[in-house]
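As written, the chain order gives the labels A, B, C, D, E and F, with residue 1 at the start of each chain.
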Amino acid sequence: MKYGARNQLIGKVLEIKKGTVMCQVQLEIPAKSPMASVMTIDSLEELGLKVGDSVKVVVKAVNVLLVRE
Amino acid sequence: MKYGARNQLIGKVLEIKKGTVMCQVQLEIPAKSPMASVMTIDSLEELGLKVGDSVKVVVKAVNVLLVRE
Amino acid sequence: MKYGARNQLIGKVLEIKKGTVMCQVQLEIPAKSPMASVMTIDSLEELGLKVGDSVKVVVKAVNVLLVRE
Amino acid sequence: MKYGARNQLIGKVLEIKKGTVMCQVQLEIPAKSPMASVMTIDSLEELGLKVGDSVKVVVKAVNVLLVRE
Amino acid sequence: MKYGARNQLIGKVLEIKKGTVMCQVQLEIPAKSPMASVMTIDSLEELGLKVGDSVKVVVKAVNVLLVRE
Amino acid sequence: MKYGARNQLIGKVLEIKKGTVMCQVQLEIPAKSPMASVMTIDSLEELGLKVGDSVKVVVKAVNVLLVRE
């Protein structure tokens, strides 16, 4: 499996919060910061995700914003 | 400083690759995986980034794709 | 504060519409057109936004679509 | 013409910077802040844009990040 | 009408699923795979979309992820 | 392999145009319209793509804009 994206991490599902159309999946990654993904409920069901599952976390580099505080 | 984004990490600039319009900033984050950001050369210059600098890495949760391998 | 994004405006919060997972923040900017941001309820709470607040509006240039009518 | 996006402004092309694959179009909008769009050279040619042209500037609300400084 | 995006298809609305803030529009395109768009309820109302309507489906090339399985 | 995205097509690589940092991959999909993806040269090399290869084309539904002409 190869992805055309510069950001690929491994995460563990910590919590799933469901709305009518969208849901938010909270992830634990091997870093001090948590991560999260927002997707449709349909995608969540297709993935069949539940708390504790391991997932690949993919982000295209164009969607990464750098800020200098 | 507060950001309306669910993904906020701290990164260190490892390498900068410049094109004519765009550039790619390779980042080290406190995890086993590297990260990267693609932005315009204009943004890079406004940030004044150089190798070794610390930056905030911000990603909106809608741009995070989960994959189950 | 420096952002790696080519679009940075100042907006004022006009209205907040909340769902279960996501919310929509309507903004007034110093132009004839309104703007809006969609984010998670969690992000809204972290920002602590309420009607009348001033916010920085940041958009990466890759997410700006031009159309010729 | 109706767009499924909450952010629609009118801009005027101020400058075009071309690379091999991508280009950056600087825009003047009726606000104090400038805006910019990054697209492929192919898209630029299909739009047939040149300095001084008027364009519609479209951004989906999910791609708008709010920051509280 | 010209769009600064490399992906432009024609779709037919198959189904609309509404939440409080967001909605999901299922589309049929002239290919074996279905497509879908998530937008705000406000955008849906501005578009005035209903099942059976024809729409232009626009995606910027930077938002297209390629995967090799 | 399961993806948290509502748009998944199969494409065939028609052409690859390379810049210094970014590249553009033109795709043929089983529909009348072509598609394209913009990614970093690094991602292209990791994918090892060449003309004629088959790839999975993945787009999150939030990045799909509908327009009514």
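To be clear about the criterion, contacts are C-beta pairs under 8 Å (C-beta built on N, C-alpha and C of every residue); 3 or more make two chains touch, one makes a residue touch a chain.
Computed from a predicted model, the values in this text were never measured in an experiment.
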Count of steps on the shortest touching-chain route from chain A to chain C? 1
Counterpart interface for A-F, drawn from A-C, B-D or D-E and sharing over half of its contact pairs: D-E
Which chain has its C-alpha centre farthest away from the C-alpha centre of chain A? D
Inter-centroid spacing, chain D versus chain C (mean Cα positions, whole Å): 17
Averaging over Cα atoms per chain, report the distance between chain D and chain F in Å. 22
Between chain A and chain D, what is the gap in Å from one C-alpha centre to the other? 29
Residues of chain E that contact two or more other chains, please. 1-6, 19-20, 22, 24, 36-40, 42, 47-48, 58, 60-63, 65-69
Residue ranges of chain A in contact with chain B within the complex: 1, 3, 5-11, 24-25, 29-33, 35-39, 47-49, 53, 55-69
In the complex, the residues of chain D that touch chain E are 1-6, 37-40, 42-44, 46-48, 60-62
Listed in rising order, the residues of chain F that touch chain B in the complex are 1-5, 19-22, 40, 42, 58, 60, 62
How about chain D: which of its residues touch chain B in the complex? 17-20, 22-24, 36, 38, 62-63, 65-69
